[in-house]
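Consider the two complexes below, in which subunit A is the common component and subunit B and subunit C are the respective partners.
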Partner chain A sequence: MMPQAAPVLGPVDPYLIPALDGVAYGLLLFVAASGLVFCFGVANILNLAHGLLYAIGAYLAAGLMDGGWGSLLLALGVGTLAAAGAGGLLAGLLAPVARRDHLTQALLTFGVALGGGALLVTAFGPDSLPVRIPAALDRSVEVAGYRYAAYRLVFIGVAALIAVLLWLAVARTRAGMLVRAAVDDADMVACLGVNPARIRLGVLAAAGALAGAAGVLGAPIIGPAPTTGDTVLLLSLVVVVLGGLGSVQGTLLAALAVGEIQSLGVALAPTFAPFLLFAAMALVLAVRARGLPGRFLRLRAGGTA
Partner chain B sequence: MPFPTGTSRRRALTGVLLALGLTVASSACNSGEDAGGTPGTIKIGLLASLSGTYEAVGTEIRDGFELYLRMHDGKLGGHKIDLIVADEGNGAQTAVPAATKLIKQDRVQALTGIVGGGSVAGVAPVLAEAKIPFVGSNGNPGLKDVSRSWFTSYLSDETGAAIAEYVRDNVKGEVFAIGPNYQGGYDQLRGFTDTFKEVGGKLANPDGKTLWTPFPQTTNFLPYFAKIKASGAEAVYTFYAGTAAVDFVKQYAQSEIKDLPLYAAGFLTEGGVLNAQGEAARNIYSVLNYSPDLDNAENRSFVAAWKENHDGSPTTYAMASYDAAAVLDKAIGAAGDNPTAESINKAIAGLGQIDSPRGTWQFSKTTHSPVQKWYLRQVRQDGRALSNTVVGDLATVGG
Partner chain C sequence: MTPAARRWLLRAGGAGLLVVAVALPWSVDAYTTSLFARTLVLALVGVSVALLTGLAGLPTLGQTGPYAAGAYAGALVAMHVSTIGVVQVLAGAATGAIFALLTVPLVVYARGVVVLMITLAIGELTVTAAGRWTSVTGGTDGLAGIPAIQPVWGMAPLASDRARYLYTLVVVGVVITTMVMLLRTPAGLLLRASRDDEARMRASGHRVTGYLAVTFVGAGAVAGVAGSLLITAQQYVSPADFGFDVAALLLLGVVIGGATSIGGAIAGTALVIAVRDWLSGLLPGYAPLLLGGLFVLTAYLFPRGVAGFSTELASLVRSRSRGRTGPGDRPGTGIQGRPSRGEPVGVAPLQVGPSGNRSTGHGGELP
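Here is the complex of A and B:
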């Protein structure tokens, strides 16, 4: 039932690069969307300003990177911190409506997204901005006889590392344990003496950090432009719908599926490109109202399905 | 109060997704005042996208017109001009109320600007009712009734038509056509493919039809490049603008087809996008009705004056708006002592040749769009920056 598992008919060769690129694109979406999943699954906050946090990272990458390795690291640090800070601010703004319904949160965060987006355009101008990456990465390399962008190849490795670290953090650390506990039963965690406001702040800041890091590293792929925030938000929401809440694996699978649909799917059936993604989403919603792997993982974890 | 269950959260999320899909970010902020002009003063309304997706183009259009006014002491045809600027926003939905305000409330005697073809089509009935002339400087949807509408830009299918013969002569093999699936993209690509086939060129596209990419959601063009590679094309022709143009060019330069010559409508590398594309845009051939390095007196003074207030060179958008001011300048001057909307419109029809930074052109009697020369440009080094350098003349198209 996973779209990328569909048998590839005919010659495989023209589809090798799109398939590889689907992985790069999917991993970028994973890093971008995982923060949104945490917000929604743990803090129960529907954060429509999530795309803005990515855009902050992307714009800072354009502003700080000058083609050297040092500036790349600097941009990564500053972008991650700035977006984490913005996430923290968002937690403060959301505190009065934390227990209200999702519509209230959605309106508030959507307003922040529109306002923040306008501020970014005012500060950086309405044009798409160039992102200068180190020369060693700014070229194409040969992969099994095909040309592919070096930066995207390296990005696959870095994003995979982030995915592993994220999984370790959720599965092995105390903070991760609290996060998982809050997904299962937030009231019980509150009874145990953990302040929900603090969890909310931590989760939004961590989500911001992930989005900011994705924005900096992803800037050469989904670059800084006035539409960046909307694009990333929409794709992240699709990942959340497909992947369900509260599991790193589910998000990863969904993000890779979206990446492959956008890349391999388009290469296989370009005529249907405008509909592929949302057709897949509708299909998943129709078959499993709770997302692809959510039910399975919950059951295995012994939780309530 | 219990936390909502996962199911209700999912329902909320699906609802939000739907709402997002339906949301059209709209903003229409009007500027200008209602001062009754002094005798002899003529009010002109300028409508352009000063916010939203086309802000970059809209700003160029406003600046081009204002530059002409500044270079002529704020006068057109000897009359002091009261220019009232309004925001077109993203399309007809915001453009129509803004135009209505300019016409009904500010009572402008002529309207200029307008970025989007859809906005022009939407505003057309309002203009027809008010019976005032419109000198459009960008969007040109090919209106049925152009009795009071004039365009200093071009018709969307002329760009591709102008370069088709050159591509046939210079590419040894088949050419792949690819573009975005909205009206502007359809027109641009049809102009190329129709003329290209007419003069005996052959498309590499498997079914002989242009490959359309979803707009604006396509940010990743690599799967399409794989299709082009598989088709055995010897060159590519395309049209994209804005963010899509940046993504297309940057990904093209590092793809499997990076060595295939890329020919494009000039908008692919025009203005701010060229800066964002950087090195990836080098050597791209494009066709446009203007380049800032054209060698004529009108262009030299235009570019010099532009650079006093701007970092980069002017674009075709700024040039077309500068020309709209020039058209109104000549027409108002020829419309008698007390120019009316009617007499200005008549005067535009009788203008003849117009000297412009793009070279001399004139309005077509039938389409009211320019009959003008198109230029072949290549992205080359110009001092420290890359720029669109004219490398030759292409066809004269229009009418």
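Here is the complex of A and C:
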């Protein structure tokens, strides 16, 4: 970073605000996408209704928040619970087809996403809604000589706190231990006497809670609109692919990268940035897919030697 | 019912449907006719999705890519080169095939959900490119003012919705007939065998990756033809025709139709598009809700799609009568279950047994 000696714009300075925006956007995606990582990694469910869970939180934020602190907390609580409940409902819907392939799950969850999205539009109208945040946050503060939205700064702090709590939960608690074990070997966890149906319910409810919280807190950033579900789902899928299923840190790095591409990338290279996300996703997947048979062959060669 | 009687019934039904399809534009108004033409176009894309998803075992969300490439190529040819339909269709097919050829290295080494994700990325990249390459695609405003089409040299330009519908019907019919005939050759058998037991095919010296690559390029050409037909049917094209929602509806329509049969793919896609386009006119705002309900219901009732349901029932009845209803004989391990229908002897040794164990190479997970 260039020193802030004079009020002359240094070569890096114009990109400070987009970079900060990228951090906020990335942390938002992290909270939303970590739910999807749990769904896929732990319960092996391709949940195409994940964007709907975010949209539930965002719409509730728009409906409940009236500019006071109390309503913000109320919206956070109600949104998180409602989305967690929706996740639990989804687990119930998925129970009969739990042993089928991903395409059946995709059919079911996409159907739920379409229907749920339609219900949200019926309830809240087809327009994108404004979100009223508390007045103390609805102003700008000075960051290194630039004015920046206070809400986003606070959001960065809160989302970072959620990230730390999530990491602690996965790394240090018994539930987190089960999560990690199920990612590694779900069958073995089932053999050890943990009911897979209960894991599925817990994971989907937790994923719903994360997506709902992200929806409420992120409503001023990715606001409630009929396309919100699709947007969040697609970006979360990119984060899942780039970050892998293995670790909270991987998801965090991928989410931050996606956020920076979406804001700093657009500022730096407006021609290429829109392609960067999905190109990176396709390449990562293709390289991994090609890597697998290679490793397989090497193992075989080692076996015969 | 004996297989011969069933085949006869299917043929009679197909012929009846064809008669209805030809007579259709004389019984409905012009707007509905143009809707039918667009439904036919999407059904053809659905067929290319079914070719990859059901027959090659590569579930795809990315056929909107070659479809878009074919559409823009068709539009540019129509506007700047030639109004002859044959030229436009060939240009669409070639562009779709080239598009598929460029993306094939990304796809053929992957299986299962990974393919789904890679093709999703390809589709999204295509839409982004179509929205931003303004000098060629007209950006998000799209391309309008496409001149009327002449099917072949010397014919009058098609001015009515009815004529455009019939032209679309003929081209779709020719493409699908060609595809069905190709799939009935030994090449089609090799493809299905590769889907059902890839490891065994590789072990017996078949180049499965090569077969899949050829199929992918062929499906790209079919989608490209559909793209050029979209230009004829709609006389307008914009990136909104190729979004994620279109890709998802196509895939789910194909899954509803049973994924492994071309007739099922056409029926499933037509059903989904009908719910989206017609019911949204009759019941504004409820189309997504109905579609969502349809998908959920399909996932529960017909695990292998409506078209797969009858074969599934038949195999269930057969195994009951043999007194072999072990717990493993659960129908519906998904679309990549055992091969349906009594195929010629060639596939018999490769069939997965009644225990319904999954074929290898398809239990795809993210690595």
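Following the convention adopted for this analysis, the second predicted complex is superposed on the first by the 272 of 305 C-alpha atoms of A that agree within 3 Å, B and C clash if a C-alpha of one lies under 4 Å from a C-alpha of the other, contacts with A are read in each partner's own complex, and residues count from 1 in each chain.
Heads up, the rule we're going with is that a residue touches a chain if its C-beta (ideal position, glycine included) is under 8 Å from a C-beta of that chain, and two chains touch if they have at least 3 such contacts.
Given the structure is predicted, the values throughout are model-derived calculations rather than measurements.
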item: Superposition-derived comparison: subunit B or subunit C, residues of subunit A touched; value: B
item: Partner chain in contact with A:87 - subunit B first, subunit C second, else both or neither; value: neither
item: Touching partner for A:97 - first (subunit B), second (subunit C), both, neither; value: second
item: First, second, both or neither for A:15, with subunit B first and subunit C second; value: first
item: Touched partner set for A:288, first subunit B, second subunit C, both or neither; value: second
item: Which superposed partner A:202 touches (first subunit B, second subunit C, both, neither); value: neither
item: Partner chain in contact with A:114 - subunit B first, subunit C second, else both or neither; value: both
item: Residues of subunit A contacting subunit B in one complex and subunit C in the other; value: 40, 44, 46, 48, 101-103, 106, 114, 118, 121, 234, 237-238, 240-241, 244-245, 274, 285, 289-291
item: List of subunit C residues in touch with subunit A within their complex; value: 53, 59, 105-107, 109-114, 116-118, 120-122, 124-125, 128-129, 132, 244-245, 248, 251-252, 255-256, 259, 285-289, 291-296, 298-300, 303, 332-336, 362, 364-367
item: Subunit A to subunit B touching residues, read off their complex; value: 14-15, 17-18, 21, 25, 40, 44, 46, 48, 99, 101-103, 106, 114, 118, 121, 125-130, 132, 138-140, 146-151, 186-187, 220-223, 225-227, 231, 233-234, 237-238, 240-241, 244-245, 262-267, 270, 273-274, 277, 285, 289-291, 294
item: In the complex with subunit C, residue positions of subunit A that touch it; value: 40, 44, 46, 48, 93, 96-97, 100-108, 110-119, 121-122, 230, 234, 237-238, 240-241, 244-245, 271, 274-275, 278-279, 281-283, 285-286, 288-293
item: Residue ranges of subunit B in contact with subunit A within the complex; value: 1-4, 6-7, 9-10, 12-14, 16-17, 20, 25, 51-53, 55-56, 59, 181, 211, 213-214, 216-220, 222-227, 229-230, 242-243, 246-247, 250-251, 253-256, 258, 271-273, 275-279
